[in-house]
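Structure provided below as structure tokens; questions to follow.
Order of writing sets the chain letters: A, B, C and D. Residues in each chain are counted from 1.
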């Protein structure tokens, strides 16, 4: 992970600003002879695309991806895959006022402090629009992982409302605009987010991502641990403030016996009696499902006025008028899945290089 | 972060096994002409050293560090700094039985699955002994950061017992064997850990690390974000299962106004009215204190028997007799500080290269 | 240097195939607030552009570059700079026959052996067309280097004809289609290359690149040496088979006294009495001009038939009909300059991070 | 290649100064379950060791290597391998005068200019002593390459005397103190170097390194080309000023037909009729022997006085008295072999990760 590139053997470099002509990414290190067309990528972009319900920003982007290189006659060639999405619905006039003021909680300020310049239009480079390319790269990563490894995600908390895990049903995730696996929670979130949106406020959320079918052995101690890379990948998503693997922070209150994932032989295979570890021990996958969660803070762009300062050093009240997500956590679900898929694809390739 | 190296410009590579002849690290990229002797490093190692109270492992290692290169007449030269600690108290016989069995929750199993071989003595490479070199590197990182940046840590939760932040007093941290900033919590933990130890069990904990005096502008979007690198660094520590920046997971329940760190001008400086963000926005430091927390799971080595399997595929009960920490979180405090110091030193140097 | 990316702090990732819809690059790590428009890049592309004389391929590409990101209101922002050139003159039918046969001396064979697939149209990814993006990146690197560092190149040998260095005149380089600094050599090469071209053959060449105004101190021992990075960068150019720094291979025949670049004080500055070292000692710049040369082998695409094999394992005679350069060394001059500029820009930024 | 580390999956980090207590390296990424003891490494160190003939420095170092980590019960474990050699024969008093003066052609000056400090004793970090660790790492790389890939080297030029390739006999290389494959050349070099040594001078040389048995497909276009990495690796060796692959600079004078390595089928295998390309096309191995040559300039440390300057800015005459090699090229043979072995080991592992 460095600057605008992540991964070591499966390497993704993204570029582009919210209101530039286009955004894109270059995926380097994808193995050859994998079938890949735009149709393998587009469905995931459609899932992330804004404007699909009243709970996400009303910016309308078709987010149509095009493969510019690295694929020949429908197969990857081992050369870099360039993916580009044209930007079409840039209403830069909405952002005129943030040219001069800093939204509290937003990267406006820090880009200004670091670089002395920023493309303020729509948040420029720091816009969540960049995550579209993560999702596109994640779709390619899924092809590298193959059909036996499945990466899924769900929203498990919105504001104070946490799902009941005993009601978890992956089949429900596609039946509601929140990627919620607990059907009973959907109306609660619906009403709560409706109020948040109407009041011009925003709210945080927690996303859970899970990978099934991951073979044991992925991950590289000590500083290339699988969980360390997952933490970096998820924490790099806009607005994320916390990452957990397996039972995460809850393990702080466990005793050793409570935390131990006991094992026994099931024929010739090792069977685990629990998965508190989230499928990773010592930074290496165990063969159990990889489980991670991340916390997404509330959008800092909102109608509620907040005291702030401007570039000329005056106190101001900031109100962000543009089109925003009342809960960015919703659209973070496919992004989290994509990051997990990319990390796993990278480690799948690294593992081959590590064990010789 | 890759294999056994972390950092990009301030790069630390560690080596060594728990029961090998020595452990060491190579620090590459330390700027020249910084005064450095063993005396700058030893105090931090002494803080992490085992055997200092009944609450940590009784292995007795003097952990005496020696500088083998990179320093000339008391000053760094810009060449790699090699630090070595001889291992002295290796009782390998204690570990005979874990040669054949896998401790649930321990890297024994995954090293075996990945590599088909492991130095089982004392956990080999996966032993927390490796963290001694992180602490040593962190001491060098502190010299790179200079006197204006201060990195400190504290234990804020042991099992179910969480400190009261209103009683936080940095001055108390050195007054108890837990690095606890809340004097009133010390006797509670003392009694609780005493019981845990006597029962042959173990327990988890939460550590908080804070850096004051960090200038704004450190960090590199999008995949070299400061918080992303901190997450990777802390998650790479043995037994860590979760990482938070600022208010972390709590922000999921916040509304936008609750989460916003309002600003106003204080003379010519920007003043923040809160620090929910933990000193980082958009992956770049704001100038506020950097605040991070991490959850440490209970030690998997304990006297309580747990069902497990052995290398020949039989069901067994595992009891780990050796010398272990009932709460590894205690000794993780200086390790967490060290990792934060290293990440900051790396980003301090990177920042110079980024802004030209 | 890894896969399709080179540089560490000034990082360039290129993508695209000869006959795909476009080629491009992403430049990551360019410092902020540098004035940059397409007009800063286009002149260098025009210099490399094919079809400008009878001595280069007749493929006609306008090679018009467009900046897609990383620049706002005419200034770089510190975010990745995406440059794209549309391909327009792809006559894929010319290449039908090389789909099945391997041109001796060409990457056709090795891409096939490694990946089991290749985009054969025009050489696909291994085409010299990729070097257009190196030239574009080099133009940005020059802006990072600033006006005091000047990078220039010249052709110094074509086939058996070597220039007379005593007649070296930088002013002549732009006056002939060869970038030849020795006016007296121009007619010799003209006649020789005319014959080579008519006979359907090709020929090798040597290019020299020089950077003036490089400050002392750039370069990082031991494995980030400036000359090591220059060697990697120049050797990565298509068809390059050798790289020299300073007097290069000639130094093998020197004695120590012959090779020594004696020094004396010139006021308060160190003056060198020679530059056999090519401006680099111990991998670090001395302040003298950086001088490097590289050998370019003859184009393997030519009308002369050569015994070869095809993908189905039969003996064949290969004749390459398409449009080719009789001497690719000519168009390698701006590419060599660009690579040197990129390496220097990278080391300029790294130096800031190294000395703290 | 960065700072003091080279390689991407087979990564070698070296540390240590000529007159420090020890030198060492850490090899990260060596696959597990490879038999490895000190006896696999020592013979290569013995070949490089100084003081073995009158033609190399008289410094006497046993150069006894010890494995400190990464090997368990005689097998590699996949964890970092730490190798250390104690320094024993440091006569620092020999170097007192170079504390204040800069030897022309030596890194003394540039370390001073870059870092403002240097360990001047015996050249400190820039001493050829560092190459002992390259040789040690190369011995481990050979184990990774396995018995089918053989890496050998020879001295092919000393001063003006070039071997006759038609007399090349690998069997002769071990029969003379020069690693000369042409028995008829040995007495010529013997007499010539005797004179050079007596006169207190030094002389350059050319080394050739060859790897047989390399499978096709190693190497990664565009910037991870095998030849590009070999060039970087060889150019990083002390005193190297030029690198060639295959016929190298000679190809500049070739025509296309002269340069083409024609092919035909030999049963089901591809047979090449020549190897001008040195076993690499488009940066990827062809399956032919990998052939590279590098030029080593004359030692800059010599008894012949050369005009120079000192740290206080005065003109001086420099005479280097210590113990030096009249022709460092001789001891560069095992170093060149080691670097080639390391690059190949790295690419062998990378290839597995590239093709999935």
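Just so we're on the same page, contacts are C-beta pairs under 8 Å (C-beta built on N, C-alpha and C of every residue); 3 or more make two chains touch, one makes a residue touch a chain.
According to UniProt, the chain labels map to these proteins: A, B, C, D = Chorismate synthase.
Quick caveat: nothing in here was measured; it's all calculated off a predicted structure.
Novice: Would you say A-C or B-C is joined by more C-beta pairs in contact?
Specialist: Per the contact counts, A-C leads.
Novice: Where the centre means the average of the CA atoms, what chain is farthest from subunit C (Chorismate synthase)?
Specialist: B
Novice: Which integer distance in Å separates the CA centroid of subunit B (Chorismate synthase) from that of subunit C (Chorismate synthase)?
Specialist: Inter-chain centre distance comes to 46 Å.
Novice: Suppose each chain is reduced to the average of its Cα coordinates; what separation in Å results between subunit A (Chorismate synthase) and subunit B (Chorismate synthase)?
Specialist: A distance of 26 Å separates the two centres.
Novice: Using mean CA coordinates as chain centres, what's the gap between subunit A (Chorismate synthase) and subunit C (Chorismate synthase) in Å?
Specialist: Centre separation, subunit A (Chorismate synthase) to subunit C (Chorismate synthase): 39 Å.
Novice: So which bits of subunit B (Chorismate synthase) are touching at least two other chains?
Specialist: 2-5, 8, 14, 29, 32, 78-79, 111, 114-116, 125, 221, 354-355
Novice: Which residues of subunit A (Chorismate synthase) touch subunit B (Chorismate synthase) in the complex?
Specialist: Result: residues 1-6, 8, 14, 102, 104-107, 109-111, 113-116, 125-126, 130, 157, 159-160, 196, 201-206, 216-217, 219-225, 227-236, 238, 241-265, 268, 270, 273, 276-278, 280-287, 295-300, 302, 304, 306-309, 313-315, 329, 351, 354-355 of subunit A (Chorismate synthase) touch subunit B (Chorismate synthase).
Novice: What residues of subunit A (Chorismate synthase) sit close enough to touch subunit C (Chorismate synthase) in their complex?
Specialist: Checking each residue of subunit A (Chorismate synthase) against subunit C (Chorismate synthase) gives 2-5, 11, 13-17, 20-24, 26, 28-29, 32-33, 68-70, 72, 75, 77-82, 111, 114-119, 124-125.
Novice: Applying the document's contact rule, which stretches of subunit A (Chorismate synthase) touch subunit D (Chorismate synthase) when the two form their complex?
Specialist: Against subunit D (Chorismate synthase), subunit A (Chorismate synthase) makes touches at 8-9, 29, 31-32, 34, 78-79, 144, 221, 349-350, 352-356.
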